[in-house]
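Dropping the structures in below, format is structure tokens.
Here chain A shows up in two complexes: once beside chain B, once beside chain C.
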Partner chain A sequence: MKARVIVTLKTGVLDPQGKAIEGALASLGVDGIASVRQGKVFDVELATADNASAEAALKQACEKLLANTVIENYRIETGV
Partner chain B sequence: MKAAVVVFPGSNRDGDVARALSAAGASVSSAWHADTDLPAGTDLVVLPGGFSYGDYLRCGAIAGRAVIMDAVRAHAARGGLVLGICNGFQILCESGLLPGVLMRNADLHFVCRRQHLTVERNDTAFTKAYRQGQVIDVCIAHGEGNYVADPETLARIEGDGRVAFRYCDATGAHTAEANPNGSLNDIAGIYSETLNVLGMMPHPENLIDDLVGGTDGRGLFAGLAALAA
Partner chain C sequence: MKARVIVTLKTGVLDPQGKAIEGALASLGVDGIASVRQGKVFDVELATADNASAEAALKQACEKLLANTVIENYRIETGV
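Right after this comes the complex of A and B.
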């Protein structure tokens, strides 16, 4: 099964990289962008075909390594 | 004093910190990230600076979960001393041994220069050779040294006197200009609750020899080496 894990900064956590990208877009003349927050995407292939066990494994992966839950949130999408 | 310097793939300041410890009179060995045990009789574990695992995922994230870290956690739980410098500080935060996180410098620049710090307290195993409030001149070299913690954690750290060093100018003033990376409360280093684990972004091991223009880093290693084993 294929799955996707999306890790984003929690609201309120400063994101200097997102701010720099925001500034670069403005200087490129891309209009209408209010703000940018940078995150990470992990495309994961799982050995299992079972949705529940895939989600359990990915939750463990997020809690143990993929996200630093002090500053980051994560979202799991299975069957992508 | 027996010190063990842990080497991760990508550590590059292990030699310098070992040299600083040896020069201060400590006996120094090294431990590999995949080892399950620390060298017998280790009093002090040092996590050196560098770019462990190429800073992949987040700085210190993968090293913070290396095999040796279970032994480091057990050592810290027994009251053993742990010192993390630069990447070592990032590893301590990622491993849960210290609270908070080190984020990208607020201005996005990698900073590599001399930096003054105030020694916030001199009654810990790490700072006995300094005076309280002393201004020391050491080096910084990092891109992710912006110390961040949630307001409750920060209040707890401050309330418990767990700030080890703060960035300051040459006169000891804590100004916005003297803060190189945006760290909350100008924090350059913090202690664990029991004061036996210290993480700091600056490099005291760079300033131990007159040859490089300063010796203010010596006190940290001298204080540690002077501790009875």
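Right after this comes the complex of A and C.
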């Protein structure tokens, strides 16, 4: 089955990359952008078709590798 | 208003970062992961409350800066 994991910075954590994008968009003449925060997305193909075991494997993957849980939140979407 | 932009590699484009994550997950003992592809996510705060003009601004931002449309697809989700 397919799943998607979205990793974003926690609120309050400084995002210099997002700030740089804001500045670049302003100088490129794209108006109306108030703020940008960048995160990561992982499109995962799982061997199992079972929702619960897929979520368990993805939670383990996030905790161990994909997200730094000190400064990042992660969200798992199965069945995308 | 808030919006989210998801930028992913097009099918067929090699993703060495995703391959490295697959290998790392296998050596960390996370089972059941068949493949991983990494992308980027941008959480954008827009000055406008109008859906159409927000989408127009985000499309412009993607074409000009956020996505390399030769190798990447982008998807705009408004009202997240």
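Keep this in mind: the second predicted complex is superposed on the first by the 80 of 80 C-alpha atoms of A that agree within 3 Å, B and C clash if a C-alpha of one lies under 4 Å from a C-alpha of the other, contacts with A are read in each partner's own complex, and residues count from 1 in each chain.
Everything that follows uses one rule, which is that contacts are C-beta pairs under 8 Å (C-beta built on N, C-alpha and C of every residue); 3 or more make two chains touch, one makes a residue touch a chain.
Quick caveat: nothing in here was measured; it's all calculated off a predicted structure.
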Touch count on chain A, higher of chain B and chain C: C
Return first, second, both or neither, reflecting whether A:G32 touches chain B, chain C, both chains, or no partner chain. second
For A:D43, decide between first (touching chain B), second (touching chain C), both and neither. second
What is the contact status of A:P16 with respect to chain B (first) and chain C (second): first, second, both, or neither? first
Just chain B (first), just chain C (second), both, or neither: which does A:N51 touch? neither
Touch check for A:I71: first (chain B), second (chain C), both, or neither? first
Which chain A residues contact chain B in one complex and chain C in the other? 64-66
What residues on chain B touch chain A, complex-wise? 57-58, 61-62, 65, 94, 99-101, 103-108, 146, 148-150, 182
Chain C - residues contacting chain A, complex: 6, 8, 18, 21, 24-25, 28, 30-48, 53-54, 57, 60-61, 64-66
Under the touch definition given earlier, write down the residues of chain A that touch chain B in their complex. 13-14, 16-17, 20, 64-66, 68, 70-71
